[in-house]
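Per-chain residue numbering starts at 1, and chain names A, B, C and D are given in the order in which the chains are listed.
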Amino acid sequence: MTLLIISGSSRDNSNSEFFAEKAAASYKGDVKWIRLREKTIRQIHDQRHDENGFDPVKDDHAQVVEAMFEADEVLFATPLYWYGMSGYMKTFIDRWSQSMRDTDVNFNARIAGKPGYVITCGGDQVDIKGLPLILQFRHIFEFTGMEFKKYFIGEARKPGDAEKSDRLNQLEQFFS
Amino acid sequence: MTLLIISGSSRDNSNSEFFAEKAAASYKGDVKWIRLREKTIRQIHDQRHDENGFDPVKDDHAQVVEAMFEADEVLFATPLYWYGMSGYMKTFIDRWSQSMRDTDVNFNARIAGKPGYVITCGGDQVDIKGLPLILQFRHIFEFTGMEFKKYFIGEARKPGDAEKSDRLNQLEQFFS
Amino acid sequence: MTLLIISGSSRDNSNSEFFAEKAAASYKGDVKWIRLREKTIRQIHDQRHDENGFDPVKDDHAQVVEAMFEADEVLFATPLYWYGMSGYMKTFIDRWSQSMRDTDVNFNARIAGKPGYVITCGGDQVDIKGLPLILQFRHIFEFTGMEFKKYFIGEARKPGDAEKSDRLNQLEQFFS
Amino acid sequence: MTLLIISGSSRDNSNSEFFAEKAAASYKGDVKWIRLREKTIRQIHDQRHDENGFDPVKDDHAQVVEAMFEADEVLFATPLYWYGMSGYMKTFIDRWSQSMRDTDVNFNARIAGKPGYVITCGGDQVDIKGLPLILQFRHIFEFTGMEFKKYFIGEARKPGDAEKSDRLNQLEQFFS
């Protein structure tokens, strides 16, 4: 079994990545990471309704999507930026609409049924103000046919806060 | 009085822009548009906690923010992509975190109290699946001190659908 | 075709009922009303897991449920009390859990596929603070297999406010 | 310091009460319980706008409200019934609108600033389908001026499930 962690954090020493790491420690299988800030992913240009469909885009999107398909399970780790997933993550997911129309990719069949997890982290009443993000991921998973297995909402503001979190015990058996 | 419409749509002939236009027809004052797809806006690199703060970024972000401050009211128009605002819009808003720390910008004081509006548009049970986006904007407005005046959820899938919408009458007196 | 309006309002001259009436004016078929405040409906005593199941309850619940089955479509009209449906409505719906276990009632089969509508009304930023109620109804309809057709959120505080609402035009073709 | 737990469960041997008990074990102070199913609380008759205001109601409501004021902190424990608080709890809270207009009660002043907690429990994807309830409580607390301190979402279906929950460790330091 393999788990892919896709991180939407925009900096090193990320609290959301720390939480994801803690959770992954309970994973029985291989764990792989992709940090979107190290990739080049362009905004979608919506050509769903163009006669010739989407123009090909030269960036790292296809490679990340392929990694997602190859993994048995996918964990999306994102800081809560402005009460939603980070722009890195959103830009990545928006482009799924393009991948779905690429017949070579076979997006729908390869993602359907895949277990999905969400870890997010914020500092401003995150337990409540993070809920729209969870609701959004629910819809995303539903639309793709992924299975929403579990989420974790962490509280942290400054670099290093996650390590001192009193919620770490919730992550000890995150996968189990 | 001036209204700035910031559009997060990723294509011309956009349904969300059509709805925004209809709404703006009832605006008593000047209406200005910014289409984010025509701007270059880079993802945020979170340096909030770096000793020297954020590195300056050369793109169009500051200019859009300045236009936002100069307007009396701001309407955010975004298609519902993956049950949230588009990556264009999210990337733009994420960078506010940087602007807020730029003492030359005076972000907080200039945005506080500004009336905000949201128009979104989607095709998959948008009245329900668009609600996390509305909840998210509520938090965004609250955090900045903007006043959440009103929102409109449109239903449309293909280019041209908005023109045939049976909700256009809801927009006739959107500003009034 | 018949529409049953179940009202959870706790007073005559109700704003939510006024909005429901306006909506019903566009219904092509018979319209029937049940006002829960005129019925006696007791709180559920959860005996789902008792050996002998639920004790029979003598009140008007069964009769309202039967009316719901006989109607082709059902509109739930409730004021927004404390950011949720009224206690009248909630008490009524809680008891569905009992009806579902009554083999004489055949609840699941008779409600599945039935179109459902929600009209609510409140005065404190109802467009936003009413959203948890809409999300809750979504889950309720989903669980029963009802189809969530449409909702309307009205704004009104004092008796008579609904009549002066600038949203009445949204109700003109509510059913159509 | 005293904590009042108000339970909206409709049966003995309640899972939500079990979770509340576990949480309360970490409370440094006295813990008091009120089980609404053992009280008589009538539905509200909305007379907010009647010339003479509300007619007095003879039931246990005033007594529970008084206990709420006397406690330093209040924990609302409710099963998730139909994706919301139970009818017992909702009926109780609806009547606050009456208490607020009773000048002898001094509701607003006595509840403002009081820390509030929510524990709920359900069996059908409760982590996601319980979110509207949390959002609703947020609005309730905001309106009264209570402080939303913390919530816990438990998973349990049958009597006894709570005892076997793998989330009990989250409750060990619920108050701390």
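One rule holds for everything that comes next: contacts are C-beta pairs under 8 Å (C-beta built on N, C-alpha and C of every residue); 3 or more make two chains touch, one makes a residue touch a chain.
Everything numeric in this text was worked out from a predicted model, so none of it was measured.
Peer 1: Which of A-D, A-B or C-D has the same interface as B-C, meaning more than half of the contact pairs match by residue number?
Peer 2: When the residue numbers line up for over half the pairs, the pair is A-D.
Peer 1: Taking each chain's centre as the mean position of its Cα atoms, how many Å separate chain C from chain D?
Peer 2: 24
Peer 1: Which whole number of Å gives the spacing of the CA centres of chain A and chain C?
Peer 2: Centre-to-centre distance between chain A and chain C: 38 Å.
Peer 1: Tell me, which residues of chain C touch at least two other chains?
Peer 2: Within chain C, residues 131, 135 contact more than one other chain.
Peer 1: Using the contact definition from the top, classify how the chains connect: line, ring, star, complete or other.
Peer 2: Shape = ring; chains linked end to end, path closes on itself.
Peer 1: According to the definition already given, which pairs of chains are in contact?
Peer 2: A-B, A-D, B-C, C-D
Peer 1: Give every residue of chain D touching chain A within the complex, in rising order.
Peer 2: By the definition above, chain D touches chain A via 125, 127-128, 131, 134-135, 138, 148, 150-151, 166, 169-170, 172-173, 176.
Peer 1: Under the definition above, what is the set of chain A residues touching chain B in their complex?
Peer 2: Those in contact with chain B are residues 9-11, 37, 43-47, 49, 79, 81-88, 90-91, 93-94, 96-97, 124, 129, 131-133, 135-136, 139-140, 143, 158-159.
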